[in-house]
Each structure stands twice: as structure tokens, then as C-alpha cells.
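Okay, so chain A shows up in both of these, paired with chain B first and chain C after.
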Partner chain A sequence: MRTPFIIRFLNATPRAGWIALGVFAALTLVVMPALHLLLPESSPFHVSTYVITLSGKIMCYAIVAVAMDLIWGYAGILSLGHGLFFALGGYAFGMYLMREIGTDGSYQSHLPDFMVFLDWKELPWYWAGSDSMLWAILLVLTVPALVAYIFGYFAFRSRIKGVYFSIITQAMTFAAMLFFFRNETGFGGNNGFTDFKRILGHDITSPEMRATLFALSALALMLTLLAGRYLVTSKFGRVLTAIRDAESRVMFIGYNPLHYKLFIWTFSAMLCAIAGALYVPQVGIINPGEMSPANSIEIAIWVAVGGRGTLIGPVIGAGLVNLFKSYFTVAFPEYWLFFLGALFVGVTLWLPEGVTGLWKRLKARRTA
Partner chain B sequence: MNATVENPNWEVSVPAIGHVLQPGVDTSHKVILYLEDISVSFDGFKALNNLTLAIDAGELRCIIGPNGAGKTTMMDVITGKTRPDSGTCFFGQTIDLTRMTEPQIAHAGIGRKFQKPTIFENHTVFENLELAMKTDKRAWTSLFAWLSSEGRDRISDTLKLIRLDHQAERQAGLLSHGQKQWLEIGMLLMQEPQLLLLDEPVAGMTDDETERTGELFKSLAGKHSLVVVEHDMAFIEQLGGKVTVLHEGSVLAEGDLATVQADERVVEVYLGR
Partner chain C sequence: MTEITHTMTRYLLSLLLCLFAVPAFAALDPALVRQLADEDSDIKIAAIQQFGASADPEAGRLLKAMADDELLVGDDTVFRFDGEQARDAASGALIEPVPEAYESITVNNRIRAALSNALAALKLFDADRGVRLTAAKELQSNAGLEVAPILARAMDKESDSEIQALLRQAHALANLGNPDAAARLAAVDVLSDSASAATRGLLLPLLETANEPDATVRAAAAQAVKEIESRLAIGETLAKMFTGISLGSILLLAALGLAITYGVMGVINMAHGELLMVGAYATFFVQTLFRAWLPDYLDWYLLAAVPVAFFAAALVGMLLERTVIRRLYGRPLETLLATWGLSLVLIQAARVLFGAQNVEVANPVWMSGGVEIMAGLVLPWNRIVIVGFTLFVLALMWVLMQKTRLGLFVRAVTQNRPMAGCVGVPTGRVDTLAFGLGAGIAGLGGVALSQITNVGPDMGQGYIVDSFLVVVLGGVGQLAGAVWAALGLGIVTKFLEGWWGAVIAKIVVLVIVIIFIQKRPQGLFALKGRFVEN
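The block that comes next holds the complex of A and B.
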């Protein structure tokens, strides 16, 4: 413990990485919000609401992709249920957004509309405190993490690995989706939460609020990358990749993989929850469809496309696939899933290391 | 400890009466590993059949036997990978290995080298040794762990010993087979175990490498206890310790190599008459 923590961390990351991060920070925290807020819509440099919302959304996806990569690319555990943690984070914050509607809903009641519709007279106990933003943030940070911890503890303790683990996570998110579909669960059934009006009393659709949510998403993404960078360059990260490559050797040299897996698994779920909480106010809706197995598989595809085992790969993958998706689903809506499937097969066959792997190969060829 | 202060003539403060339970391995009765009546069966096949074996502290023991004699299963039982159906397995006088997990057994002081070299192929040679080094291996500690200069020195000493000091930054997967074997032995040494279990450590090594490995093992004996499973008789002869012959899951013969080789039952088992 001689060298201070910060110095060690600064040294562990190449200069180009810090510069890229600085440029990204300037763009997302200053330039884009300023161009959105200060320029009139007629100006050619005005950043439209569409662009701000879309990029805010994609940055939330990028956080999920990095979280997925920490567990899949570095620890070798493929989760096909990460959409659950994303959705749980979204629901936790959505509860607060529902309460912020106040009496402006269709039924002018203090209760959320769907509860009036179900003829409920008061809030269920688990909605207690949901009118407080701080409580909502606390729920976002703890509930999905707790779910992940409990699930992970039993799965990893029983040494469930590989495809078996993937299938169980898939079942987990599917079961949760069915549970949230029920009206009696108290989260709006198949409609979920929508029609949000305000955050902390401010209009949720105002340009200022949009720019704020956008900048917060960017900040969360950068912090995710920094935390990820720290984790993978620490001894913890080296043990993690060792578990991925030769788990029994790791055990025989005295590490208990359970705690390592459990930590990265829970941390990864927490990141997804934060992304979900930032995502919901930007898109204005959360429903159980977010927990569908297909959504979780899509997360894995982002990571595969971008390149597993690198931190920048998942960000690129999430960005590319989602940009393409927003174009494709408008231009040829019926064919999107076919395209996604083909993309996954293609990447697996020809680009096992994703876009970042391709980049590395091209660079190696040029220097050779 | 107070006694030391009161009476400076006392060099060490040893409890005068009785036997106090010490942390770590208790080898006060000379034995470091004691297997008694161990049986393991897989789907009716008896891999180990009432195996009884004792290894003394500081001993270098070779174990031979035809394929399927139970050598690897025995190592699995000692290291916690396989639970015996019956029997006891003690490390020293006090540590019951049948109740412990693999990482706990590793911490207690037993290191294992696998038959097929298992190293971390995507890590550098240096990192392989760093991960193996004896230290606090809990997840939380690893998050903030930083390699001390003492640790760095230990790694470079081991690198010299296994003759990989010029390849420290090389990816371990790129080493030759013999070098991988040495790296795994190096990782074992970094763990500072009292007992080393070595499953075919010289398989795939050149004659020169084999001989150097033999020298290394002989220098380790005394301070450490070694159990070597091998097929290479010349290597066993070089090591020169006591030899145990396993057959069908139990001990067939025990003694020095010449005695064992002269034993008719051993000849029969090997030649299959």
C-alpha cells in the first residue's frame, strides 16, 4: 500500500485512453447539451431532441453492455438474463416517476392510474416511500443487486456453469416477466408504467430535463468504464480471467471462485439497474417486455459484436447495433429479428473477437 | 510472550506442560499425510479400495502403478476434489481433509501439480506466479491488492529457479510443454506448501529438463514433503526415495526401488501375467 490508489490507477491506463475519455466527457457533458439548449431549432448546429434521446438511450445500453462484458468477457459467465436487472432498475425508478404524476393522471387520483383501474383504495406496502427520489435511488441500487446476490449465491455455490447457467438466467428473467405481467403484482401489469410527467417537480419532456438525463447517462457510462478499468487491471481482474480460463487451477492455488464470481455478478447487476433507472425517464415507459428473454439475448449480441474481453468493445457494439436497429426497424420493421440473428451467427463465425478484434487484426497487418 | 520479557535468558517461550494445539500443520508425530482405509467408487468401479498410506514430514515419496491403479483419484481425495465414500484423510495430526474445500486445503499447505500442465495461458509467466503466491486470497483483498517489493523479489527468485527469468512477460500459453511444466512447478513453490503433490511432473520434458527437475525435487525434500506420481523409472531412480506401488486402488508394495522391482507381485501387475 505504498503508492496511492489514484496514482496506481492513473498509471494502469494508457494516455490515449484518458484523452479519449476527456474528449467524450467534453462532448457529452458540455458540447451536446449546449447545442441542444442554446441554439434555436432552425440552426444547422442544433442537436435535436431525437438525437439527444436516442444517444442517451444508447449510452444506457452501453452501460449494460459493459456490465455484461465484465461477467461474460472477463469471468466467462454468459448471462442471458441481464435484462431483468435493467428492468428492475427501471421499475424501481419508475415507481417514483408514477408518484410524481400526482393527481394529473386520467383519474385525478393520488394513486397511479392502474391502481384506480383495479379499484385499489390505497398503495400496497411495497410502494411505501416511493414518492421520495432518494428512496427510489436506494431501491435502484439495492433491490436488483440483492436479487442478483441471492440468485448468484445459490447458482455459483452449486457450481452451475456454462450453458446450464445461461439457461437458468434465461428462465429467471422469463419467470420475472410473467410475474410482472400479472395486474395483482402491483406494477401496472402488461402496460407497466408510462405517462410520466415530472422529476423533482420539473417537466420531464423539457429540453433542460432531457439534456440533464443525457448528461447523467454519459456520466454513468464514464464512471462504469473507469470502474471496469480499475477492476480488470487489479489483481481481482487477473483472478477473474484466471477463473474463466482454468477454474480448477484457481481453486487449487487457494482462491475461492464463489466470492469472486458473486462480487462481479452483483456489481454487474447493479450497473444494469443504474442504466435501467436512467433509461426509463428518457423513453417514458417501462413494461414487462423489457424482461423478455429476447432482450437479454440482444445484450449478449451487442457484446459479441463489439468484442468480448475489452471494455471499449461493448460500448462500440451497443452503439453500432442500436444505431442500426433504429434505422432498420423503421425501414424494414419485419426483418429486424432475422437480421439480428444473422448478425450473431456471422459475428460468431467470422469475427469471434468482434469489431475490436477486427481492428486489432488490421493494425497488426499494417505493422507486419 | 510475557515470560520472555520477565526472563531475558529464555530464547523462545514454549509452553512447558502438555501439548498445545498450534495453528498450521501439526507434524509432531512425524507424519504429514495420513490416509486410512480410503475407498472411492464410481458407478460400481472401485477406484480406491481401502487405501492406507502415510507420508512422513520431509519425505520424498514416489508412487507408481499401472493405469487405473488409482493414483490420480488418490490426489483428488487429498486435495478435496473427490470425497471418499469411507476412510479418513489427515494432514498432520489435526487437519481433516475430507471436510474441507479445495481452496481451504490449498491454504492449509497442500499444493498440487496436475498431470496435464494447467497454467493460466492468457496471463504472462510473471502473472501466473503472482496469482499463485502465498497471500490473502479473499476477493475483497484482491480488489485492493498491490504487489510489494518483497513479493516482486520472491517472484524473480522463482523465475530464476525455474529458468524462465527471460520470459517473465511472455504469455504463458506460448511456452513449450516442458516450460509449462516448470511454470506449474514454480506456481506450486510460490504457494509455499508443506506438501507437494506432483502428478507426472516430467512428462514431455527433455532428458536434460528431467534431470534438472530431479535435482530441484531433491533439494526441496526435507523442508517440504513431496509425493511424486511417475512412470519414468529412470527419474524415480534419480529421486531415490521410498516407492509405493498402487494396484487396483490399494497399496501392493512399498520400499526402495530395487526391492519393489524385485517383488514378484509387482512384476506380475506390470507385465500382466
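The block that comes next holds the complex of A and C.
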């Protein structure tokens, strides 16, 4: 008899993992929101809005990094277009946020400001239903996944792989960026969506809302990690790694790599979209710049820094790089690109397995 | 009848006046001059047209003054100021005292049109060929029936064939309003040789019975419109082809270097766009040097910039290869990330060295302007030069790859590295030199780009996706494939732009390329034989 799903799911993560997750959950779901909401600002233990927003943002990035790692680290497919799915998720939720502004925009119209500016009289058809949160969530879950599915189907069916795949995914996000830059596309052109006011009627800048979004991001990250863990330890995950290491052999044994690749690719895009949807209300803006090829390739470096082929690596990588980024871009804005560039070069040359690989090597040396 | 009596009286009157006035120099008909100040616009225009037909330079000056609102009327005299003094417009005699009250002659739009026609007609008889040519061009769009006789006269006198052709055209245009059907038919016949949209616009009304009573003329006009339209379409297509070829040659320049580093060596160099930038900044640097030290030869700085840019970019390229890329051979995805990092470093270095703003690289004088191939088809010189330059770079590359020892080594190493090493090819050094060659050619692309786009730290980023598409579309390892892919992409983009605008065209091209790569992952020109699967 097959082991029930729930048992397999629980067994996928080792005991230490569950303990770490428990600690993380307690910290992000209880302690930090409580310290943010309950303590006065003067208290030394007060967690400031800046910290909450920054860590919320980084957790969204971490979800993207894990998604990237699932496709790159485990399936060996380097996507340079994951920024597109992230941005699409953000736009899908952004549409709802724009509608929630109601008539509080600068033109006091029930239409979003940029549409008034374009002299549009009514919402375009694809904005139908955007005033409902449920519909927005549905869009977040389906649209980027659908785009990924269609793109992936054609790409994997013709067995495009390696650098070719990377370059056409880059072209894909570049084309999408150009498309969203147009005002006529109906997504605010250059400026994208911003000036959000509320979610479900609650003020989006209130401490309670910030804490909620923060906790939701943490929850999404934990679920992503658990699901990822389950996937890569399952039989599916093993076939996936086999495809990464020797695709032809897997085919000769009788597996069709198309479905494996397609599933993990679509799943990864969906995770990115969820991260994007959580990210937008926290930073308060989404514009086509998020789809620029540079953004997508930066995701790859988070994963590379943390360590490919592990699930905790991308989380560490995303955290480290983005903490450095928020420090550097304020302290030495001139040198951030030098640093980032050196990171790309240094990690690929000297740290092919990232920080987690380094940790493992050090540990192995000590025990030896 | 009244017309004749009118002229007669005017003639007599002018005779009489001539007797009384004492002309200081070659004088104009005072009665006609007075007519210019008449209340009635029609009379004014009649006078203007008479002056226009007179072929008299003095009349030209008078009409010019009128067009500039410098012709004044006061005390029933038409005069203008010559410094402080007032002079009679007809005789040039001093008027003293200056009339107490005067005003400039009113020139409304109709009169202004008549004036400019008359002025142009007068210029047709100028001694200077250039002046005549401009005048003939000016009359191409708005010649009325009244200038037809002047044009006929000018045609008789004209010896220059280019001006002659223009005059014929203008004459025919003027005759479209001729009451005589035969004259109109002849005019339509002449105009059917034209290739301008304006002429088509003038012929279109003749297709309707209300405007053109004569059926033969109507039929001829319909035929002429059709001929002009087909000629226009050809011109437009040729123009698009040319802009497409010029875009293609730019893409090719950007991609050629990549065709060596990626296509031949298999190195994914995401910093390729930044090597273009190095070339462009080298051009800027040479220009600055020329400004400071050799201002007399500033127009030729571009020639000096070509080798400088080549070696600057080649040097940077070899440095990158020696320090980073060399350690990553055979790991394409890692190479991709590392070279992306290098590109970030190079961009920031350019920002620190030259500032974040775009720098100004001027077109030399000999690259401005253009040649007119046919009516409505002007090819700008800078584009022509770039197409020529691309051919030069292609030839250079072909010679380097096919006729030199280095080229032989590069080809040997890419085909079979261990075997090449066995027979004594220093494979490591060949890699460095080949990468340097690719980088140097990117530098040459940068020189060309500096002439048509902004030179700034980010300029390379926009070309990286395009360049890869060219190489991938052409087929990896295929220099000839890159040429066809670049030209094809350029021409297709320009035609799509004509239909849908620039952004949609770009997106459609990207989508087409993506679909194409799915269908033929090996590119337009697939390698055959044993290299295929690697």
C-alpha cells in the first residue's frame, strides 16, 4: 500500500527542518508583528516599519529564489525570464489595488488615474472583475502560470535547452517589458500602478496591514519551502534531477521529460506570481521595470550565492544579497554595481556551490 | 472688351505719367505700382502677376518689399523707406517731405500666395543656376494658370536639363486649370511621369465629373494617378528596404563580434554590449583629443577612431578572457552569469569615468546630408557610410578568418581542440586572441553606433538581446548565417514598423524569432555533420 500523502509530506522534511520552520513561524507570525504593533516606537524592542517592510520584501524575493532554484538547481534549466512572472503576479494584484482606490485618485473618477489621463471612458474588457479580491487572486494564480505553460510547452517540446532557452526567456521578458511600457496596453505604461490606498477597505499603510502582509509573506515562504521539499524528495524530484544530469538516458529509460519540465516550470512561475502579488502592496508600486532582463538575471545570482540544488540556499542568498543591496545603495550608491558585478564573477569562479556549499565543505573539513 | 479698354487706358495713363515723372533709374510702371495699393484684392493680384511676368529684377525687389510689409502708401504715393529717406516705389525718386500719415499695404493670404508665385516666377530668369533651381522647385506645388505663360517663356530660355524638367512639370501643373481641354490633356500626360504624392493630390479632383467635364481628360487623369501611385509605392518600398538594410547592418555590426565569441568559440558573453560601449567611448575620446590638439582635422577624427576603438575593445576583451572567461570554458551557464557581472562592472566603470550622462559624439560634416535617388527617396549619408563600413568590417573579418595564420588556428581550435594542440597550435593563446578579435569587432560596431545613437553607459544593454537573436537565428558557428539573419531582421522590422509602429514591431519580431527558434533550433543555416550535437 502506498504511504498516504500526508505522511509522505510530513516525512519529506527532516525533524531539524520542522524545528527550524517552527522557530521561523513563531518569529514571523507572532513575535515580530507583536513587537511592531504592541510596543511604542520609543521602546528599544520596537520593530520599525522599515524593518517590517524590508523583511517582507526580502521574503517575497526568497520565494522567487526558491522558485528559480526548483527550475535551475533541480532541473538544470536557467531561466532569465522569471522577473516576468513575478511582475505579472504583481500586475494582476495591482489591478485590484488600483480599483480599491475608488474615487480617491487625483481625478476623482471611478477609473484609475492613468485611464482618465488617456481619456478612456470605461474599463477595457480585461479589467472586468478586477474590483473583486477573489478574482484578483484567481488571476494571480492562473495568468502567469498559463503564460509559462504555453511558453514552456513550445520550448520544451522542441527540446530547447541550455543557453538557447536562457536567451529566449530573456527575449520573452524583454518583449513583455516593451509591451507593458505602451500606454495603450492599459496597465499604466511607464509609471505602472502606484498610489494604492487600501485592501478590502483597510488602509494599506496602517501598521496592522503591514504586519498582516509581512506575516502572509512569511507563511507563503514556509509553504513554498515545504512544497519544494516534498517535490524534490518525491519520485518526481528524482526524475527531475535525473533529467538535469542526463536527459538522453532518462528518455531511453522511457520517461518523457516534457511533462516533468513543464510541470516544474509552470509551478515555479506560479510561485513567482504569488511572491509578486505579495510584494506589490508592500512596496506600493509595480512598473514594467520589474520585467527588465537585468532584474531576472539578478534572481539567478541570489540562487547562485546561496547555493543551487538546496532549498535553504536560495533563501539565504536572496536575504544576503538584498540586505547588502539595501545597505550599499544607501551607503555607497556608486559602488553597488561594482559589488554586484564582482559577486557574479566571484561566486561563479570560487563558490560554485554558494554559501551552503562553503558551509558543508567547512563542516566536512572539521569532522575529517 | 472691357479688358482691352482697361489695358489701353492703363497704357496711356502710364505714358502720361512717364512724361511727368523724372525717373532716377530704371523705373517701374507707376500706374501698376499704384495698383498694388488698390483697395480691391483682385486688382492688386492682377498687378502682382504683371510684375511677375515682367522678368525685371527691379520688380522682384518691389514685390519682395511688399511681401515683407515694407511697401507703404501715404498721400496717394507708394513708397518705401531707404534708411531715413522715403523713396517712390516706382521711380526711386526721393519724396520730401515724408508723408504725414502712411500705412503698409495690406497683404492677405491670397495676395501673399500670388506674391510668392510672382517672386518665384521672377527668379526663374535669374542668372544664378541655384536660384533658378530653387524657384522651379517652389513652383512645383502651387503654380496657377497665370504663371503658365511665364513658365513657357522660362522653359524656352532654360538650358539646364534638371531645371527644364522641373519647369515642364510646373507648367503642366499650371495648365491643369486651363479652360482648353487639349491643354489639360497634355498637362495630365506630362504629369503622369511624376512620382510625387503632391501631384497625385492635384490630379485626384480631375477624376470627378463635377471638376472635369471632358471624358478623355478624366480617363487620362485616372491612368496618370494609377501610374504615379505605382511609382510612389515602389519608392516607398525601396526606402523601407534601405532603412531595413541600414538597421540590419547595425545589428550585424553589433552581432559580428558575438558571432566569433559565441558562434565560433561557444562563449556566452553577456558583456558584449559593453564592448560596443567601449568602442563608442573610444570614439568619443578620440574626438576629444582632436578637438584639443588637431581642431583643423576634426572632420576626420572618425577615421582615427576606427583603429583606436578596435584595439581598446580588443584589449578589454583579452583582459576579460585571461582573467575570468578562461576559467569557465565548457560551463556556459556559469559563463553567462560571470560575464553579466563583468558587464555591470564595465557599465559602472563608464559611469565613474565619463559620468552617468550621455556624451556628445558629433557627426562629421561629410556624413551629414544625403543623396536623392528618386523623388521622395533620400538616402542619408551617415546610413550609407554605415552600410559601407559594415561591408568593410565583414571583408576584414573574412580575410582575418580565412587568409591569416591566426584565422587558421582559430578554425582549427574550434573544430578539434586536442588535435590542434597536438600539432602545436598554442590553443590557450589562440583563445585569447580570438576573443580579442571578437571584442575588437564589437568595438568597431561601437564606432558606428556612436554616429547614430546616444553614447552613454547603458547603451550596450539594448543591443545584447538583439545581437544574440541575430547569432542564434543565423545559426551558431555561421558567419554567413549572421549576415542573412541581421539583414532579414532589419528589413522585417522596418516593414512591420511601417504597419504597426515601433514597439509592436519589436515585440512581433521577438515573437517570430522565438517561434522560429522553436521550429529550427539550429538556426537558418544548420551545421551538418559531426559537430551538430555539441
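One rule holds in what follows: the second predicted complex is superposed on the first by the 366 of 368 C-alpha atoms of A that agree within 3 Å, B and C clash if a C-alpha of one lies under 4 Å from a C-alpha of the other, contacts with A are read in each partner's own complex, and residues count from 1 in each chain.
One rule holds in what follows: contacts are C-beta pairs under 8 Å (C-beta built on N, C-alpha and C of every residue); 3 or more make two chains touch, one makes a residue touch a chain.
Values in this document were obtained by computation on a predicted structure and should not be read as measured data.
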item	value
Fit or clash between chain C and chain B when superposed on chain A	fit
Which of chain B and chain C A:I101 touches, first, second, both or neither	neither
Chain B versus chain C as contact partner of A:M270, first or second or both or neither	neither
Greater chain A contact set [chain C / chain B]	C
Chain B versus chain C as contact partner of A:A65, first or second or both or neither	neither
Touching partner for A:R8 - first (chain B), second (chain C), both, neither	first
Touching partner for A:L216 - first (chain B), second (chain C), both, neither	neither
Partner chain(s) touched by A:G254 [first = chain B, second = chain C, both, neither]	first
Touched partner set for A:E334, first chain B, second chain C, both or neither	second
Partner chain in contact with A:L311 - chain B first, chain C second, else both or neither	neither
Smallest separation in angstrom, by C-alpha atoms, between chain B and chain C in the superposition	5
Chain B/chain C common contact set on chain A	none
Complex interface listing, chain A residues touching chain C	78, 154-155, 157-160, 162-164, 166-168, 170-172, 174-175, 178-179, 181-182, 293-294, 297, 300-301, 304, 334-335, 337-338, 340-345, 347-349, 352
Chain C residues touching chain A - in the complex, by the definition given at the top	268, 270, 324, 327-328, 332-338, 340-349, 351-352, 461, 464-465, 468-469, 472, 503-504, 506-507, 510-511, 513-515, 517-519, 521
Complex contacts: residues of chain B adjacent to chain A	79, 81, 101-103, 106-107, 111-112, 114, 118-123, 127, 130-132, 134, 137-140, 142-148, 187, 191
Residues of chain A defined as touching chain B within the complex	1-3, 5, 8, 231, 234-236, 238-239, 241-242, 245-246, 248-256, 259-260, 262-263
